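Common to both upcoming complexes is subunit A, partnered first by subunit B, then by subunit C.
Here is the complex of A and B:
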């Protein structure tokens, strides 16, 4: 499996664990700032990543969502499903970047 | 559709109306797997905004799907493509608090965790503590009639709402102020209790006056394991008989306890069914109450008993680890049971209640049902008030299991009703339990109650624009 395919598999496997419980959102510093739209919180980001891989999403909006994350890891500590949200976002940025440094 | 968006933007401001597909998708899901669609997502910032949107929707036959955090699990918050989602997340002000009169006034988008953080340090708390406390909003909790771990002592949301400001789904988008700042109120029919638990079908809550209460001065906690379910239930009965002020009484069955211990590695460990009891007391009496509680556990053959003289100590010892990690453990097992990497596990949390004295029978029958359908199941619940949460999981592609799932749930609901219980305790009916509602009322020969509910809905919402097709079955009377 190529580096990018492996990266995709790793990220998708983790983000699909999201049950949409929203327990990650209350600690997110960007959600409040960015109009309170779920797009700019961890639940939105994780689910947009899943959508990108499975059915496709608008790449412009996706990037806006992903690159406004501060990767502060506050959400990761809250997730009852144990999703490593911040790490998935970091990896996904790498993926979008064409996997530079991977494989 | 474009006209609606343009007109709504003109009415309340373009920064409060979203139509991009990504936002619509994120506001069309809930915390199980229901996924709808919507024409737009609107974010009102005031009662006036809400009223304006309602007036427009009424005039143009546009449906409104109100939403808090969408962490519900029965489909009460998901939209259809005939309307708009009204998200209350921007109405998040805590407007007033009075410790003398024991109330707090807040907007519907305030999360319960934020409310309690606000009260922290005052000695007061808002005692409704659903597992989703970090995400659940005041508006969502009111409309879902939420409960939680402290339900044994504090009941559910219906017991804590003193007043409501609501917008009615009528031609004028009328604003009503119901109730007030007093605990006692006998001003006609109790419309507040009608709206609490109405799942967004009657009115839009724009402000709530909630009762608050003093936090217990001290809380002692004991956890212990039981090989025999009958021993555990006798322990529960003995604790109730001992006139202790039960705050929390949580149960996890033996299979689930083992799974959780194996998966999560909690700090408290043992084998058998787990019972955790917290009792409210005062500092001076804490040790005496704790000794009494431990004695009752011992007399009922409990093993691996762990005790704490305060909540801080209980947290430090990890007494609640197994109960709290029931859901995370289930997610881990469900995820590891997937056959294909790119599948998603669906996790379903059931929500029946039986009178606590019938819990042993309920647990045994639940296990039989789980075996009959071949659904692996974890089981925990609020044993103090008889509320059980069996949890099962199905992989998203498994159509056969999904079909069986509806029969599985119906069997569970029938069992609850046969034991004089209810089909939903704190999660609601939404789209998933309408058949159960019919079954429950039919069994009591009271189907007319559903007709009454339909009529009430019609009076509040004559054009059925507010969360249509939720909660109430359409034609069975």
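Here is the complex of A and C:
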């Protein structure tokens, strides 16, 4: 398996643990910057990543959501499912960049 | 909605910005252009050229005023075509040279902070040494952008240079560099054996006179990468307590701190500013007159959004009380 496929599996396995509980959202600084659009919060980001891998999503929306994350790790501490949210988002940036380093 | 529209425009150009920054780091050793004088001009005495702990600035304090300028420049670039032109241009010349320069005062302020931190560790009795040729930017943005292949090459360069000079212990002065050396490099590099400590972990409390004369009210802002990244949050408080400086804890503190917004400044300057305003609001709402920061990125982002609030670095405050 190529490095990218392996990384994909690693991230996907983690984000699929999400139960939509929203416990991560209240600490996220980017969530209510302008609109309260869920895609600018951890739960939205985690599930957008999952959708990208499984069915594909609008790449413009995906980039906005992923590159506005501060990787500040506030959400990671809150998640009862133990998802390494900030790290998954940071790792996922590899895919958006064409897989620098694992291709 | 205007802000979100601008954010979108930036993010659509994100690969161009990332490419500019990536190329600069890999080719030139820093994400944006900074004159040598600004990077190493803080050295005003002969430092020992050998010792136990290498004083590793990681250049973040030196870069902060320049980052502020370049972010302002990016904020003005609105067209995708312009971004493309700039990106092509950057292959030949470093385009970040064209942004306006920070004032001499701003650069000097950062230099003073670095010298203060050096005094703090030196006076604590540690055997510290310095050599500008191996004090490099730690590749923080490569890490944040997820460019792991580049980071690996870059980190190897840094770590080889340090090893060739016999360095095995370093003192770091900002949270991002600290995180790279403590958490990222050990998992990325084989045969990595450098022990890294934030200066806050190494200061001897007994070097201070314990009688603060501060009239102002302070509020403390923890940087994410100290508090959540490497678990450094009680150390600064112990030092302030020892000196007798009173400080207020804001909403969201210690491991639950709230990001200053700085990390996304290069990709979406306006978004970053909005978060800066939110966090600074929480800090000022405590009734404090001054905000204590411990990270040059936090300091720069708060300064960018408000000229009225007094933002200081912890080291500026505590170094006044060295015996």
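Keep in mind that, in the parts below, the second predicted complex is superposed on the first by the 101 of 103 C-alpha atoms of A that agree within 3 Å, B and C clash if a C-alpha of one lies under 4 Å from a C-alpha of the other, contacts with A are read in each partner's own complex, and residues count from 1 in each chain.
Just so we're on the same page, a contact is a pair of C-beta atoms (placed from the backbone, for glycine too) under 8 Å apart; a residue touches a chain by one contact, two chains touch by 3 or more.
Bear in mind the structure is a predicted one, so any value in this text is a computation, not a measurement.
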item: Subunit C versus subunit B on the shared subunit A, clash or fit after superposition; value: fit
item: Partner chain(s) touched by A:22 [first = subunit B, second = subunit C, both, neither]; value: first
item: First (subunit B), second (subunit C), both or neither touched by A:5; value: neither
item: After the two structures are overlaid on chain A, angle v-u-w for subunit B, subunit A, subunit C in degrees (C-alpha centres, nearest 10); value: 110
item: Which superposed partner A:57 touches (first subunit B, second subunit C, both, neither); value: first
item: Which superposed partner A:81 touches (first subunit B, second subunit C, both, neither); value: first
item: Touching partner for A:35 - first (subunit B), second (subunit C), both, neither; value: both
item: First (subunit B), second (subunit C), both or neither touched by A:73; value: second
item: Subunit B versus subunit C as contact partner of A:97, first or second or both or neither; value: second
item: Closest approach of subunit C to subunit B (Cα atoms, Å); value: 6
item: Shared contact residues on subunit A - subunit B and subunit C; value: 35
item: Footprint of subunit A on subunit B - complex, ascending; value: 15, 18, 20-23, 25-27, 29-32, 43, 69-71, 89-90, 111, 113-114, 132, 134-135, 327-328, 331-332, 335, 341-345, 347
item: Subunit B partner contacts - residues on subunit A that touch it in the complex; value: 9, 12-13, 16-17, 19-23, 25-26, 35-39, 43-44, 47-48, 50-51, 53-54, 57-58, 61-62, 65, 78, 80-82
item: Subunit C-facing residues of subunit A, complex; value: 27, 29-30, 33-35, 60, 63-64, 67-74, 76-77, 90-94, 96-97, 100-102
item: Touching residues (chain side subunit C, partner subunit A) in the complex; value: 1, 3-4, 7-8, 11-12, 14-15, 18, 143-152, 224, 228-229, 252, 255-259, 261-264, 267-268, 271, 274-275, 278-279
